Amino acid sequence: MNYQQLINEVYSEVQSLQLEGIVANYIPELSNVDIHKFGISLVTTHGEVYCIGDTQEKFSLQSISKPFTLAMVFASEGEALWKRLGVEPSGNPFNSLAQLEYENGIPRNPFINAGALVITDILRSKTNTPVEDILLFIKKLTNTDNISINQKIALSEMAHSNRNKALAHLMKSFGNINSSIDELIETYCYQCAIEMACTELAQAFLLFANHGHNRLNGDQLLTISQTKRINAIMQTCGFYDEAGEFAYTVGLPGKSGVGGGIAAVLPGEFSVVVWSPGLNSKGNSAKGMKALELLTTKLGHSVF
Amino acid sequence: MNYQQLINEVYSEVQSLQLEGIVANYIPELSNVDIHKFGISLVTTHGEVYCIGDTQEKFSLQSISKPFTLAMVFASEGEALWKRLGVEPSGNPFNSLAQLEYENGIPRNPFINAGALVITDILRSKTNTPVEDILLFIKKLTNTDNISINQKIALSEMAHSNRNKALAHLMKSFGNINSSIDELIETYCYQCAIEMACTELAQAFLLFANHGHNRLNGDQLLTISQTKRINAIMQTCGFYDEAGEFAYTVGLPGKSGVGGGIAAVLPGEFSVVVWSPGLNSKGNSAKGMKALELLTTKLGHSVF
Amino acid sequence: MNYQQLINEVYSEVQSLQLEGIVANYIPELSNVDIHKFGISLVTTHGEVYCIGDTQEKFSLQSISKPFTLAMVFASEGEALWKRLGVEPSGNPFNSLAQLEYENGIPRNPFINAGALVITDILRSKTNTPVEDILLFIKKLTNTDNISINQKIALSEMAHSNRNKALAHLMKSFGNINSSIDELIETYCYQCAIEMACTELAQAFLLFANHGHNRLNGDQLLTISQTKRINAIMQTCGFYDEAGEFAYTVGLPGKSGVGGGIAAVLPGEFSVVVWSPGLNSKGNSAKGMKALELLTTKLGHSVF
Amino acid sequence: MNYQQLINEVYSEVQSLQLEGIVANYIPELSNVDIHKFGISLVTTHGEVYCIGDTQEKFSLQSISKPFTLAMVFASEGEALWKRLGVEPSGNPFNSLAQLEYENGIPRNPFINAGALVITDILRSKTNTPVEDILLFIKKLTNTDNISINQKIALSEMAHSNRNKALAHLMKSFGNINSSIDELIETYCYQCAIEMACTELAQAFLLFANHGHNRLNGDQLLTISQTKRINAIMQTCGFYDEAGEFAYTVGLPGKSGVGGGIAAVLPGEFSVVVWSPGLNSKGNSAKGMKALELLTTKLGHSVF
């Protein structure tokens, strides 16, 4: 398979479709990004890198930071982790608090906000420098020091975090959060405000295509089984209320963020990142969804 | 009707039933109260006062503070108040956050916690001394300066307020709370920690039996129509998930609190307060519910 | 109080407001009624009858049949009735099936459809001629044989009863329905299709204002306590998702139907029926709600 | 890979664990099965068949019939199918009716009961002999005429179908069911009462591992894309409220039934069926779940 040709074709076809979407606007700092940005980077488990479009420009990870914190915490906690959250899809766009209340403060999975907050809470209990540790974890996967946090976005998110604070307080009322809420939300907002370029993110995400092995320095960060399990959770829970749709049309484990990025893997083969800031009605990158659908269709290959 | 004989009979019959219940224990300070305390005070619109049992001992108002703050805010805001909350029963013991989320941060009525928080938020926007104002409002109705706040209970409630903070943050995310959450919760916990004795509370509650008129100093605090409306809301929403049961067995507008108090009125006739700290499974005073049922049965008279 | 003058004033003022609403249209037969019909009948516990407007014309009782079947079943079953349903407001316009599912097939109260189906199911277990018995019960209260069922409406409702069948099957899955679903739905549709004129209905409803006593023949059909309890349930649950609003603005126990009727009582004083087919967004007669609000406001008297 | 050795090892290890579970008992006919039955059959895309244990004994397909009816209807309707149901996980063990009500009668996916009823409704609109057609479809995939329906189970399920009737009536009230409810439920109960042995079912399920191609007669029943999509839906929605758990521990698309069967595929490689009637608390075969977890762990290979 000529991957460069593949992503070139995907890129042109998606561009011709004139998909637009809407840039995330719940905080002003996210809405300033140019909606026409579009890039695709694919990195194979052999280390080959293929790019097209705006793949060197930084964008906000947002929820794509969640698989990394999950990996860090899963590696240290092992299966004991699942006492504090589940691995089932939430299926509820409309009432995240309702579900959390009904299920006694145990989030359904690590990729809904409530679950990601629990992961961050565990991470905070292991270190005094959680944000620095997350950055270091990612830098080692990308072999660069040029990964940082957009302070403006982090601060703006902290100023618009009432709903996440509601989730955190509700979980704390059930005894499932140990940090102070303000400190937890601060760490969480910093983590979401990490910025990376497509290629950097594809390199970092290769961890999940490469059986938990950091190709750059030889570290085994996750066991094969843990990597498979994170992929399974990404497949069933990685796309808000569109996880089924993504499995259906694309057929790869992946994770999206409201910054417009989508990262996905074909285990054993490659990781791929698409970035385009225009979001569809479910909050996933419109061009990103289409690009990955075309990619697995043209490839004739997905996990299914 | 000989009211003294009536409450004497009710008192003895209820005592003979050996109802127990469980003292509220979500904060240690509330659980220290003697479960055997039991008092009934009835005050007529002519100013006659009838008491039996532990009617001079202070207890924690808790949610019975809500009709007073509603009265203060309704008097100043009028019907405009109802843009920010409703007058319908909630019907949901199990998912207050769920309902609030579904209904876009507009609480169903002023007596569920979410609604009471909105009332307190409005009150805070009108004054720099909300707690002092509430105390003053109640003192004028009871003609005594001896009404105060139990600091230990207030502080303890503030330390156990994660669920109320979750409600407040959720409403703030919908733009329905203006105060800072910490300050709002502080005012709310202070208001709930006001302590009064049965007779004092019955005197204060006479406001709702007396067409909004403060019998002690001649002030018209609420219009006749506003008083009727607060009574209607107490009837349909005043008893957590037992409002229908209270209407069904007692048939008076009223409000209960987890401190074990129940205050009720027969409009135009009297107010009545029962205090006994043992709560039934719905969080209402077990002896209090029974006493008021016997009272209206023996009286042969209720609002229905 | 000059009741004739009272209802005359109410009638004119409401007419001048040009409230419209929308005629119920879920079945064609109900939508054919003239939206401009408007009548008010008031009957006192002394037997005086006051009318204005279209008070001799028959309209479809629909849900106003529910207090009558409740009265029949409550009289025969007593408190044992409440094993199969509750007395709490439902508070949920949007998910009647959800609530019923969560609460294991026990309807919240006798005035939501699920609860009314349980009442009809019990009635069916007591007699082989349930529909005839309901008609006979009502005829005795109105002293006329001229009460009948609109067959077209009954048949049309049976043809549009999928949602009620869903409720009935769900309750049957929990063991809370004994009849065959088809037969139960047939009885229920017949009961809802009973037609009465304002004055007839006000005479029949006097039962609930008159302590359970049929003024016309001296029968004590309900005990004083049972009557009070039905009134309490009407107050808290009688108006779909507008029970709180009706308590708030009108302050009388009552029951509405999508045929445009509202029946209410001031216990010990009178029953009153308003009919106007235009419904507000909550499914209650727009003119009817306003007329009763004006009536208690002008009267300066309600239960609160 | 020596598949025979693999399933032998899995079989012995699972047997040694003494997992029990509970046989489905909502109808007597299902509860009569011997809980100690246990069989594993694996069929490769090259046509090799491997078996161990009770693999020639018939068991009740129950929900494992759903992928077959989905395949039939998807092949004929194409993407237009998804106007009437979705592809998202439901995430709600506790309120299937609630979700259906909230989402206006459009089931979340074809594997919850509501969605399977829509699929059967569509199938019924295409043929006068839906049950015969389903049997024929399966027989062609297994190359035997010895596939039939257990009449006792079918009739017993029809007698215990109140909840499914509730779902069907609710959907019909939204216009999403065309059949008469009684006829629809009959077809559905017959489809669920089909009986097959492990090896037969593995042969039939090979369709989903073999890109939609019937290996036995060369027919292309589904396109590659359709097959991938059914696999994606099985992965995200195939295991009641344990879909995430199955993805997490096993990592294969599959479908379980309360008869104790689980069928799964590794696309391009093999189909595998485990049968053991003891169910875990989520309604999936206890030994079956464990066997498939061991199988992919030993194999070092899953879709993730």
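When the chains are written out, they are named A, B, C and D in that same order, and each has its own residue count from 1.
In this text, a residue touches a chain if its C-beta (ideal position, glycine included) is under 8 Å from a C-beta of that chain, and two chains touch if they have at least 3 such contacts.
What you see is a predicted model, and the numbers here were worked out from it, not measured in a lab.
Student: For the sequence-identical pair chain B and chain C, what is the superposition rotation angle on Cα atoms, to the nearest 5 degrees?
Tutor: The C-alpha superposition of chain B onto chain C needs 180 degrees.
Student: Going by C-alpha centroids, which chain is farthest from chain A? Tell me that one.
Tutor: Farthest chain from chain A, going by C-alpha centroids: C.
Student: Centroid from C-alpha atoms only, then distance chain A to chain D, rounded to Å. What do you get?
Tutor: Chain centres of chain A and chain D, defined by C-alpha means, are spaced 32 Å apart.
Student: Please report how many Å separate the Cα centroid of chain C from that of chain D, as a whole number.
Tutor: 48
Student: With chain centres taken as the means of their Cα atoms, state the distance from chain A to chain C in Å.
Tutor: The separation of the two C-alpha centroids amounts to 55 Å.
Student: Where does chain B touch two or more other chains at once, residue-wise?
Tutor: 94, 102, in rising order.
Student: Dump the list of chain pairs that touch, please.
Tutor: A-B, A-D, B-C, C-D
Student: Can you list the chain B residues touching chain C in their complex?
Tutor: Checking each residue of chain B against chain C gives 86-92, 94, 99, 102, 108-109, 224-225, 227-229, 231-233, 235-237, 241-245, 247-249, 251, 253, 267, 297, 300, 302-304.
Student: Along chain C, where are the residues that touch chain D in the complex?
Tutor: Touching chain D: residues 94-98, 100-102, 162-163, 165-167, 169-170, 172-173, 181 of chain C.
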